[in-house]
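Chain IDs A, B, C and D follow the sequence of writing; residue 1 opens each chain.
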Amino acid sequence: MSELAFLLGIPLLGAAALAFRGSQYRAPEMNAILSGLTFLAACALTVRIISIGPRTAMNELFFVDAFNVFLVTLTAFIGFTTALFGTPYMRVERDRGKVGAGAMRLYHSMYQLFTFTMLLALTTNNMGILWVALEGATLATVLLVSLYRTPASLEAAWKYFILCGVGIAQALFGTILLYLAASRAGGTGGEALLWTHLNAAKGQLEPSVVAIAFVFLLVGYGTKVGLAPLHNWLPDAHAEGPTPISAVLSGLLLNVALYAVIRCKVLADGALGTHLAGNLMMGFGLLTVVLSAFFLGRQTDIKRLFAYSSIEHMGFITFAFGMGGAIANFAGLLHMTVHSLTKSAIFFAAGHAAQKAGTQNIDDIRGLVHMSPAVGWGLMIGTLAILGLPPFGVFAAEFMILTTAMREHAWATPFLLVALAVAFAAVFGKVQTMVFGDPSVRPLPHRPAALPVFVHLVIVLILGLYIPAHLAAWYREAASMIG
Amino acid sequence: MIVTAQAINFIAALLLLVAFAMLSQRRIRALVNLFAVQGVLLTASTLLTASGTGQTHLYYSAALTLILKVFVLPLILHRLVRRLQLTGDVEMLINTATTMLVGIVLVIVAFNLALPISEFAGTITRGTLGIALACVLLAFLMMITRRKAVAQVIGFLSMENGLFFAATSITYGMPMVVELGIGLDVLVGTFVFGVFFFRIRETFDSLDIHHLERLRER
Amino acid sequence: MLGIVSFWLALGVLGLSLGRERDGVRLLYPASAIASGLVAWIAGHALFLPPASLVLPLGLPGLPFHLRLDSLSAFFLFVLGLATTGVSLFATGYFRTGATASPGLTFLQYHVFIAAMALVMLADDAYLFMVAWETMAVSSYFLVTSDHRHEAIRGAGFLYLVVAHVGAITLLLCFGVLQGFAGSYAFDAVRGVAIPPVWASVAFALALAGFGAKAGFLPLHAWLPEAHPAAPSPVSALMSGVMLKTAIYGLLRVSLDLLHTPSVAWGVSALGIGLVTALFGVMFAAVQTDMKRLLAYSSIENIGIVLAGIGLAIVFHAYGMHALAALALLAALYHCLNHAIFKSLLFVSTGAVMHATAQRSLGRLGGLIHRMPWVAWTALVGTLSIAGLPPLNGFVSEWLLLQAFLLSPELPNSYLRMLVPVATAALVLAAAFAGYVMVKFFGVVFLGQPREPSLQDAHDADRWQRAGMLFLAAWCVVLGVLPVFALRALDTVTAFLLGTGLGDALSGDWLFVTPATAERASYSPMLFLAVIVGALAAVYLFVRVRYRMRTRRGAAWDCGFPAQTPRMQDTAEGFGQPIKQIFEPFFRIERSMPDPFDTAPRYWSRTEDRLWYGLYLPVGRAVRWLSALVARLQHGRIQWYLIYSFVTLLALLVLIRV
Amino acid sequence: MPILPFASQFLETLLAVLAAPLLIGWVNQCRAWLQNRSAPGLLQPYRVIRKLFRKESVLAQNASPLFRLTPYVVFGSMILAVSIVPLVATGLPLSPVADVIALVGLLAFARVFMALAAMDVGTAFGSLGARREMLVAALAEPALLMVFFMPSLIAQSTSLTTIVETLAHRPFALYPSLAFAAVAFVMVLLAENARIPIDNPATHLELTMIHEAMILEYSGRHLALMEWAHALKLVIYFTIGIALFLPWGIAEAGNWIAIPLAIVALAVKLAVGGAALAVLESVSVKLRIFRAPEFLATAFLLAVLGMLTHVLLGAGT
């Protein structure tokens, strides 16, 4: 499948190219164009997969089905829009002397590399490579988090690195155990770690081993998903890095890590035949949602605030997949989509807001609507959307998740609802003061990129009111795969 | 066959010993050396397993280990230590005795965790899984107890070693492509660490990570 | 119907596209007023038609949007249409000079708001209902904060949206309970199943709380007196006049349509809450010094009365006394309609006053009847109606409700029978105090001498504003004088909800309202008005003919007291002071008294709501305390973070071993 | 359409309107006797009213049309009220127009207009009077309604005709609840008609007056109408009381022979009632304005108690 080659090749080569030319004035556009091409490749791949169904490629090294192809498209799309947003954003940063030429090179090439690792993690068929790719994603972003070289950013990057490194190491142990189970179940050598084979043979895998393996994998990848109490790196990393990176971290990395967890869950369910994996995920999800909701109230940094909100939503989605079943999985996938879109849109708006105010401190950002209505309304509407107010897609997803929970795990719903209410009060109170009131912000040298923000929000709005039939079918297929 | 198994078990025991040594070791240079020793032991055990079982790809991974974990990484670390003049002790958060006690507890936990798995595994080296797991946990503990960035990194790397050892011991190593990938990641990771040391150093003029406790909820 | 909703939305977008230049946008309001009139017209007809439903290919997969137009929703749509017609007409004149935000944006929000309210009433499945419900909340929030440079207004908007959201979450839970038995979110499915009493009661309690948060039942009322005054007056009018009714609509929909197995306990609780709310509202209205806050509190009172009526209806219904249930429900519904109209009228008149004087505080108004007669006389009509005086519409609904109460001794349960006198007493007390409040409102704003020199050059409302106010005032009179026709229409709703309406009791002479029989009670506002007017005219003519009407203008007598100044008039505080004194324990009063030797004595007193300090602030504190607790987890030490992960791992491993 | 009922309705109303000042005169007469001074004579109120009608009326500078309209509105609604109450005969054409609740509403209607007119001129005393009047009313009105509800519970109806016929033309029965009602009613009557102990009709003592403070700005014909309406109000309250508590002698609907008798009965009752009022006023003292709420609250509670007893003792059947 040539699309796959393009999909993975473009960002890889782009990374190499930008590593040399990345400091030129036109580099941001180049970056955006590359991402755009990647997105086109992703679309082509999607079309192909929808037409011909799940496929493996390059002697089973890659495997694409409805589940990951939809994440591939989403990833490529957000990668593209984020690059668009990054164009004016990084220019401003550069004009303000916050980053130098080297940093720009690093930023652009790492951006492409990060995209590459994401796509690799999504498309690979080998659980080992999946691990490698996720570790690679950490490595690609860790230097970007500390791009500004401020003490805070260094600290954030360090924590990000160590915690995710340790987590991922546990995941590796899990992978090894998985390999053990698989090889005992008759898989020979290299093929034993191939998802397709594992999935085929999941019935014969030794339950006790798989159980332990799943624990390691869950804790490992869960660290990257940001499940409490393994989430501690996340707010720091999101808050201190440049905003485009925060956007892709929140919008993509978490999704991909969750994708890994879900793949593992499928195997675990198959092997154990119990609901253990699901229960663990539900437990993590619930704890995450409740804790993060209470964290939200104390934030003073705009990006940190939304980082916590990402944690909360990841908890929600994890809970949904933990419950399992057609509707819950459907809702989980939908929630992944809308959360990525909305949250990245919010980060775009928040990034420009912070640039305008010259600070990320919430108390110093005031009256955005007066200075630039686009950013102000973008932030406001995005916030309302992410807080789960209709008619946005997030509400649709949360509606389905909550109602499924009411039907199947009624005990959990009060916690979720209280958390939702607390989160709403916390986030909205802060955003309102930033958007409204007397302006304290100054105009930017470059026009803010309002387009990506509103494109995302419009998509989310549409998804809240109407889910196109083929998209729904697509989700359903993926949901049925997750089981 | 039996001989190799015994030899491997012996090496495994040595590994555990080294792990404890690292846990208690206060001097950075010595820590790096111990890490190198760990690498040597790993290589040896991998070679033994390879010869004992005829798993040819294990030779490659043994070579990989030798290059990466015995020469490259220790060299990088040594150069870093020299460049950053990281002499002197690494003070710990908890005193050595306590750390040791906790370590022993961890070993016990690791063993009875590994028991069912190693029963299930069919390899000749399965008995060593417990030790591998113990190494991982001990490295984890080391990362927790140390306050110098370098020490944490070494802990991280030795955790990698433990994992590697586990892989060889229960499944005769991972598929080659995965091994390569892991190796690459570890290598890059170390470089990145290096970069970090310099940045941290130039920002805080010390590698003591208690400088890195600013970002918190108030 | 749907067409008009979409027309509104389209209109809103058009308005936004017209954007800044005001006049372009302004001329769109009459168009939307016409649309509202159409809504009222269609809904008025739909009252008598069988339910019509429609499924749109939108919404969630497996749960498309269901719409349904039955007589209940038709009635509330009628209310919506009627009120919005007048208010939109008024808005044409108001937003020309009033709006602070971009008029296009306001226009859009205004119409999204209206359309959302219409959709709430049309929705026939939980998802669409929630979508419309929250859209309504959000759009009204934006309208409330359209003048968001004031800290206070932002705070009000925030409080409003938070309470609304909490209410919405409660509603979600309620619908969750319902569908737990029906298996589907479509209301039709819920209607179909019989829900076990316990869960039905749970659902009802949740609905009461959820809708109460929107309607302002105690103790969920705190946002109302903050948010309503903050909004531009036409919006306050819609919020008070219509939005609160959507909550009533929802309550009726859930309790009598979906749950169709009401129990006495529901009715009693609703009755109790309603009466307490009514008394609370009127008491606080009496001590307000801001005219819009005063009206907001009076809205709380009226909603309380409506709820009491619904409660009584449920009690009767549960005992199978259908005629009485119908009577009580009829009274409640009619009061909804009336309140929608006269409260809109009063709010828009305050809007006109604020336009002319830029004053909201009662302490700075007065004597406006000379400067703005149109506003004053139309407002007088509204004042008399809301004070529940015959022959206007407010009286009719209260009369019906009292009739229902007087018939309640036929209740089988003796405890309830003993409850009834007390309830009646509370109701009449609330009604009487409403009179007090309204005299204060009208007297202080429009009568007496202007308290500020600036009021001398206040200008009267313009054409459009007059048109809107006249429209509403006219409806006050029509609904007051010819109630029988309205009641016959409403009877279809009661028939729909309870199975039996009043039927033949209303089919008698159109002159007389006879809820049961002519012997029992009858009231003929038409003749009532006729006789008063006739007597009035007769006396006037007699005096005119018999004695030459010699009249002289002179200084006010006032017991020969010299040197009259406007500051000697009773202030709003003064007018409310007796109430403060009588009901002191209910208020939280802060006073600062000047000491006797003070050369420039100053006196101020602030009256606040005990519930705010007793309920809302503690909740906030509890949340803050919890989050402080949680925040300890994130203390910045990487070692600790590692320990978390370590412990989690071990714990899980142990967990799966056992 | 039978002319007789309408004729009798008209005559009855006219009679009441014309006789109203007489009652005031009679009460003052009695008071004078009790204070053993010589009274100005029964017809004094008529003379006053005639004098006032003759005089020109002085309007304050900023009196609005509302101010001039009010006397007519008040007088008109009093006429309606008096024609609703069955004085001598029940079942008259206008009686179904309004039941007791509407009657209370009607009185409230008049009162609100008076209060507004009092505030209109914008003098210190005017608004003071309006405030006090509304306060008194806000407490007295519920009490009055509750008083009405007891007979209407007994009669299962709120229409005065039905009540009177039930109470009067039925084998005599003692209703304990009516005792409460009667007491409460008397208290309300005192309050509503600006009588001691709530108000003192005889003085213009600034700080205590309520009703007088409201009509302070009126003069000439307007004042005349106000005074007359006030007298009518007293008549109305008396006749209501009579209809509720001593309805015997009121002619049944269509029983024209009984009417002359009924008129005599009414005259007697009014005379006795007026005397009783005078006695009451003479023996009791004026309350401070902030005692008034307590006084009325007592009346209100009595009425509620009455209703409770009615319910408890099983609807005195």
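The rule is simple: contacts are C-beta pairs under 8 Å (C-beta built on N, C-alpha and C of every residue); 3 or more make two chains touch, one makes a residue touch a chain.
These numbers come from a predicted model, not from an experiment.
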Each chain counted as touching subunit C and subunit D at once: none
Busiest interface, counted in C-beta pairs: C-D
Separation of mean Cα positions, subunit C and subunit A [Å, integer]: 44
Chain centre separation in whole Å, for subunit B relative to subunit A (CA means): 31
Subunit B and subunit D: spacing of chain centres that average the CA atoms, whole Å: 102
Geometric centre distance via CA averages, subunit C-subunit B, whole Å: 70
Subunit B, residues touching no fewer than two other chains: 113, 140, 143, 152, 209, 212-215, 217-218
Contacts with two or more other chains, residues of subunit D listed in rising order: none
Subunit A: positions in contact with at least two other chains: 158-159, 162, 166, 212, 235, 295, 298
Pairwise chain contacts, counting only pairs that touch as defined: A-B, A-C, B-C, C-D
Touch list for subunit A against partner subunit B, complex: 61, 126, 128-129, 131-132, 135-136, 139, 142-143, 146, 149, 151-152, 154-159, 161-162, 165-166, 169, 172-173, 175-177, 179-180, 183-184, 189-190, 192-193, 206, 208-209, 212, 235-236, 239-240, 295, 298
Subunit C - residues contacting subunit B, complex: 631-639, 642-643, 646, 650, 653, 657
Subunit A contact footprint on subunit B (complex, rising order): 57, 113, 116-117, 120-122, 133, 136, 140, 143, 149, 152, 156, 159-160, 163, 166-167, 170-171, 174-178, 181-182, 184-185, 188-189, 192-193, 195-196, 199-200, 203-204, 209, 211-215, 217-218
In the complex, subunit A residues that touch subunit C: 158-159, 162-163, 166-167, 170, 211-212, 215-216, 218-219, 223, 229-230, 232-233, 235, 276, 280, 291, 294-298, 330, 367, 384, 387, 389-391, 395-396, 399-400, 402-403, 406-407, 413, 417, 420-422, 424-426, 428-429, 432-433, 436-438, 464-467, 469, 472, 476
Interface residues, subunit D side, partner subunit C - complex: 53-54, 56-62, 64, 66, 72-73, 75-77, 79-80, 83, 94, 96-99, 101-102, 105-106, 108-109, 112, 115-116, 119-128, 130-132, 134-135, 137-139, 141-142, 145-146, 149, 152-153, 156-159, 161-162, 204, 206, 216-217, 219-221, 225, 290, 293, 300, 303-304, 307-308, 310-312, 315
